[in-house]
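Letters A, B, C and D mark the chains in the order given here, with residues in each chain numbered from 1 onward.
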Amino acid sequence: VAPVGGEHFLQTPGPSNVPGRVLRAISRPTIDHRGPEFAGLTKRILDRLPAVFGTSSPVVLYPASGTGAWQAALVNTLSPGDRVLAFETGHFARLWSGLAERLGLVVDLVPGDWRHGVEARDVEERLRADRNRQIAAVLIVHNETSTSVCSDIEAVRAAMDAADHPALLLVDAVSSLASMAVEHDRWRVDVTVSSSQKGLMLPPGLGLTAVSEKAVAAAKRSTSSRGYWDWEPVLSANAAGMFPYTPPTNLLFGLDEALDMLEEEGLPAVFARHQRHAAATRAAVEAWGLELVCVDPSAYSASVTAVMLPGSSDGDRVCAISRDRFNMSLGIGLGRLAGPVFRVGHLGHFGDLALIGTLGGVELALRAAGVEVSGDGVRAALDMLA
Amino acid sequence: VAPVGGEHFLQTPGPSNVPGRVLRAISRPTIDHRGPEFAGLTKRILDRLPAVFGTSSPVVLYPASGTGAWQAALVNTLSPGDRVLAFETGHFARLWSGLAERLGLVVDLVPGDWRHGVEARDVEERLRADRNRQIAAVLIVHNETSTSVCSDIEAVRAAMDAADHPALLLVDAVSSLASMAVEHDRWRVDVTVSSSQKGLMLPPGLGLTAVSEKAVAAAKRSTSSRGYWDWEPVLSANAAGMFPYTPPTNLLFGLDEALDMLEEEGLPAVFARHQRHAAATRAAVEAWGLELVCVDPSAYSASVTAVMLPGSSDGDRVCAISRDRFNMSLGIGLGRLAGPVFRVGHLGHFGDLALIGTLGGVELALRAAGVEVSGDGVRAALDMLA
Amino acid sequence: VAPVGGEHFLQTPGPSNVPGRVLRAISRPTIDHRGPEFAGLTKRILDRLPAVFGTSSPVVLYPASGTGAWQAALVNTLSPGDRVLAFETGHFARLWSGLAERLGLVVDLVPGDWRHGVEARDVEERLRADRNRQIAAVLIVHNETSTSVCSDIEAVRAAMDAADHPALLLVDAVSSLASMAVEHDRWRVDVTVSSSQKGLMLPPGLGLTAVSEKAVAAAKRSTSSRGYWDWEPVLSANAAGMFPYTPPTNLLFGLDEALDMLEEEGLPAVFARHQRHAAATRAAVEAWGLELVCVDPSAYSASVTAVMLPGSSDGDRVCAISRDRFNMSLGIGLGRLAGPVFRVGHLGHFGDLALIGTLGGVELALRAAGVEVSGDGVRAALDMLA
Amino acid sequence: VAPVGGEHFLQTPGPSNVPGRVLRAISRPTIDHRGPEFAGLTKRILDRLPAVFGTSSPVVLYPASGTGAWQAALVNTLSPGDRVLAFETGHFARLWSGLAERLGLVVDLVPGDWRHGVEARDVEERLRADRNRQIAAVLIVHNETSTSVCSDIEAVRAAMDAADHPALLLVDAVSSLASMAVEHDRWRVDVTVSSSQKGLMLPPGLGLTAVSEKAVAAAKRSTSSRGYWDWEPVLSANAAGMFPYTPPTNLLFGLDEALDMLEEEGLPAVFARHQRHAAATRAAVEAWGLELVCVDPSAYSASVTAVMLPGSSDGDRVCAISRDRFNMSLGIGLGRLAGPVFRVGHLGHFGDLALIGTLGGVELALRAAGVEVSGDGVRAALDMLA
């Protein structure tokens, strides 16, 4: 593939474009994680990170991918044989429930069409039906990166309350955190799972779990084998600015810088920016005459937009053309959506002009792939941004 | 000014966006400029740089801005009291001839309207009229960064030949080098002047002069005081991979990397990319119903486009809005064009998607500034790129 | 603490000093881990990394600390209730066996004095005594970072053969890999565990396990719950240049660069350099009249030297003075050795002059802490280096 | 040359080791030098830089090497045919006076033995003898980088006063600035010349001149052709946070960071550190039984130490061995001192441990080159540092 000029547009829905500031922070020399400078770094991060989760509870950091953080949420709070209720909202919901099964949990996976979010009334019904209170936890993916469908966690929580069910609420906020409001405390989530390479604007390598008091209490009863994932030693070491394992120091440099950036812009402005970019992207998709994967306007994602292609069009081909000719990575369709779908990430370190360039690139790639577009998507987006 | 997300778009017509690769190269630790590693670096650069100037003659590098390289061209080849013929094609042509005057040269500055390039027949007439061969040099700005008008150096050379005049030909290729074909040898230019922060994709700080044999011979006769600018000690030190002054080592790291990038893409592809982007930009301007500063299609620049605003519109305001709301720097109007003009740089490290974002940003800034645009410039550009 | 000039000397026995080249590589923009550029990166790494382990078997990489890689070794090959034989050679041997217990294994921890390596004849006796072949695995820390005692894995393997015992051999090579010869294949190790922040010259964040065919076969029988740690999906995804979880892309950029550096110097030269630096460090310790923690010359570590202080001297104080006044981090004593011990790391990206500076700094810190030193350690080291 | 491990020790007396912080600052994306962010940067620098020169007068910055700043000092204040009094204290004093000659000045170069500083009484005598006040300026190199001899500028100024001579005082502080006290105002220097790659801890590429009111007044009378070097347009543009030429933006990022570092440590502490390191280095040289080039203890440099080798020893060979085997660049002998001399830079970003490593490396290189050393230089330095 010949070079085509300019920096790459990394418009996968994670990893997102890492700011130069963060990359430079990450390139600082590694320091001793037993010294006072490191303790100061830890404190700055742990004091500020909970606000991004909408919580005053602690956030536990792991050198790990998001998959590791999924596992941490499960093995700390649940025991082999426990039942969990999960909803098949898309590829990542499937992966998470599959992991739960491999970890010895019994999963009730409620099927879904990958185009809707979790229905709160389904949650309520399922929980009401569980008269013996066998269900130990409800697993929900907040923002399904594979479908760009966002489930309403507040409604889920209300449904759990309505059913008066004591199950824990475990939420995957991997592709929503720091792009959309995540309200761990207000929604009474027990574990919110996330990772570094999306709204937090970092390279991959950090898994995060925000942990409620109820989750910590559940952890005391759980019999799962945890080792690396055990919250307890992390929480006690963190109190002294340390970690019970070697921490990923350079990513923490980056996280500290990313938290600065989020504070400078302000979380409300960050969320509004993502909403605006998502709306402009959907306007483009509509103008092109293409279909969104998400069919429920109240469930549109602010960080990613998954698009259906007509007829026998091949999303992978669109993505390959985008990458090779236009220097932009898009997200391919995943799982059941592999083939007719591609996904546009518009999250993290991203501005209006980069969005316009991205949508222009999508149009160019669609045209080059022979996908007919009926109208002017870039114009629609521009008018919305103006 | 509140942060607005994403990396800055540096669309001034220089400095241009510096590639991350080059920035990382520049951040390598400074090395001893008397050692063999440095000598190897010098050799790699000096072996490869002349091709960018279209020459097999040497290129002399200075730690300096382009203004310094202008001065180097003048003081090496000319003596106080020498006459030079210059053409007022724009702001930078004026500045260069002003510098020549301050350096003791007698300048015939042929007035211009800042919307045309140099007329070859004017050159021929002026030189023919100079029966005593008093004119020692002709000064031409190849690509006027202030007007986006490109003068035809090949035609100028032909005119000089037709007049059978022995004057030296000194050319400013600051904003054309590495973006447009510069043919130092084929056009028989005597000194081609450039600097680092445009097509070479570097930060500012390096001035460059490509030097013909005739120029070197002229330097032997010149009585100007030169000191720092003297080619002779540079040329002899360079032969040993050294410099007679402390060289700007870290910019040379960057230049080595930038030359790698130019080789990877290939100069013909680089030039074609610039032409394509310039054509798309002009298509946008035309669709918006705005006027180009350059009124001669054969003289359109490939690296920058200067745009006239209608009525009392204020280019500086457009640029301020672009910067503050859309995170993009544009070029303001300079000199005589300050006020009704703004300029879009589309040079150096730049791709199709960044161009689309840039043009989208220009439209948004125009609209926000209350400048009426009559049509869809972004669409016109997109269709041209497709 | 007032700044004292110059870059920090990070002489903990890991994290080690990360080369500027690696830091710059890590600061490259994150790329899509589903694209061909990433697949090429993965292939370059996976093709070259096994040689560092002395193996032609695959190496499995995790976004994790070394603790995670310990866990991966255990949960892939063993099942809850399995017996493992471990040797208390120091702090990290204790931690690993403690982790094994928490993961449900039954650990026979052979006590040790933290000043000797594993005795091969103890291994043989213990295994011979295990007539029912209940012991499923032998756990050995190759190079005990807390004591600078190196156990002879080749002799352990010979002892296992002599006992004709089928147990797996699991080896922690965290602080020996890429500093000392690790011969996974020749020693018939089943899992060699390591991490990024020592001889591999990277920041923390990558855990590694080299995996024998016998280990892979054992993994098929193991009933431990693994999830994230499961080798099988990694090995199949790796075949296509991919990972089953989001890989730590930027650390992989760094690993690729670090492998370049190891190849440029050559592993034999790297190992010889470490041996030379360790010998010079021990010469300094001896000249100072201090005692090594390691009392068996055949077990001296090449990457770290742990030093006993006389009387009531406080190693933590020496380390604090070193850090605050001389800008150097040393390793404090860990576990049972906390207090009278400090440790000097001389591993990874390190040269003769940095070693001399390090030893000079140790002497200055000792003197400032009031520790009497009887002779000229720096001289002894210099003479050895000369 | 095979890699030998660890980062390079750049112990030339400039360029000095550039701090990682500065290198990362330099790698920030270039910004528009006509925008408000750049104006803020300029202001921060111009507000803080004069203190480093001990002045409240302005400092003029050039994209240039120190040679360029030499030229700026001369062409702004003097006119062709003016007499200047210079003192041959070493290689750089020769080069500067040579430059003055090439620029048309008439130079009285008082010969010297390259081992002493300027004698104030010579200055006084020469000026008294100049009854017609023909001498327009006195040129002094404060710290001769080639000899490590520091001239007493305060005494020179007193001598000029004693002679009641109106000549300007032009001082080269290239290798003293930010390492040793430079008192532009207190010493009533008219132009203090420096550059970026020494005590300012930057890569080469910035030339600096601090300019007294008397110098500015002289500039109004001078008839030299200046162009690029003219202070006047710089001073007026600087008032608005701008430059009359394209400024070297990325070096300015670095300068801003370097000024932060100087402020954090504090100039008095910076100077004391340099004095301490120089004393320790001289203690080492003395212990080795080698001779200093500087024979006047009151003139010892704090930033560099030049050392004489006995008999037919070859300094270049010592430097080559140091570079190739021990990964350290030293300064070779220059001009008249080429051959028997080598120089150790101990300036800028430098600490005690790096100094010990440096001196250890010097000893190793001397021994490898067959230079006999009679005693333990590293020990002497260590004892002085302790």
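We adopt the following convention: contacts are C-beta pairs under 8 Å (C-beta built on N, C-alpha and C of every residue); 3 or more make two chains touch, one makes a residue touch a chain.
Small disclaimer: the values here were computed from a predicted structure and weren't measured.
Should one ask which of C-D and B-C has more C-beta pairs in contact, the pair is C-D. Among the remaining chains, C is positioned farthest from subunit B, on the basis of C-alpha centroids. Each chain gets a centre from the mean of its Cα atoms; for subunit B and subunit D, those two points are 34 Å apart. Rounded to whole angstrom units, the spacing between the C-alpha centres of subunit C and subunit D is 46. Between subunit B and subunit C the centroid-to-centroid distance comes to 54 Å (mean Cα coordinates, whole Å).
Touching two or more other chains at once are residues 7, 17, 20, 24, 27-29 of subunit C. Against subunit C, in their complex, subunit B makes its touches with residues 20, 24, 27-29. Residues 2-7, 9, 17, 19-20, 261, 264-266, 269-270, 273, 326-328, 349-358, 360-361, 363-364, 367-368, 376, 378-379, 382, 385-386 of subunit D touch subunit C in their complex. Those residues of subunit B lying in contact with subunit D across their complex are 1, 7-8, 10, 12, 14-15, 17-18, 23-24, 26-36, 62-68, 71, 75, 80, 99, 102-104, 195, 197, 203-205, 207, 224-228, 230, 244-251, 323, 329, 332.
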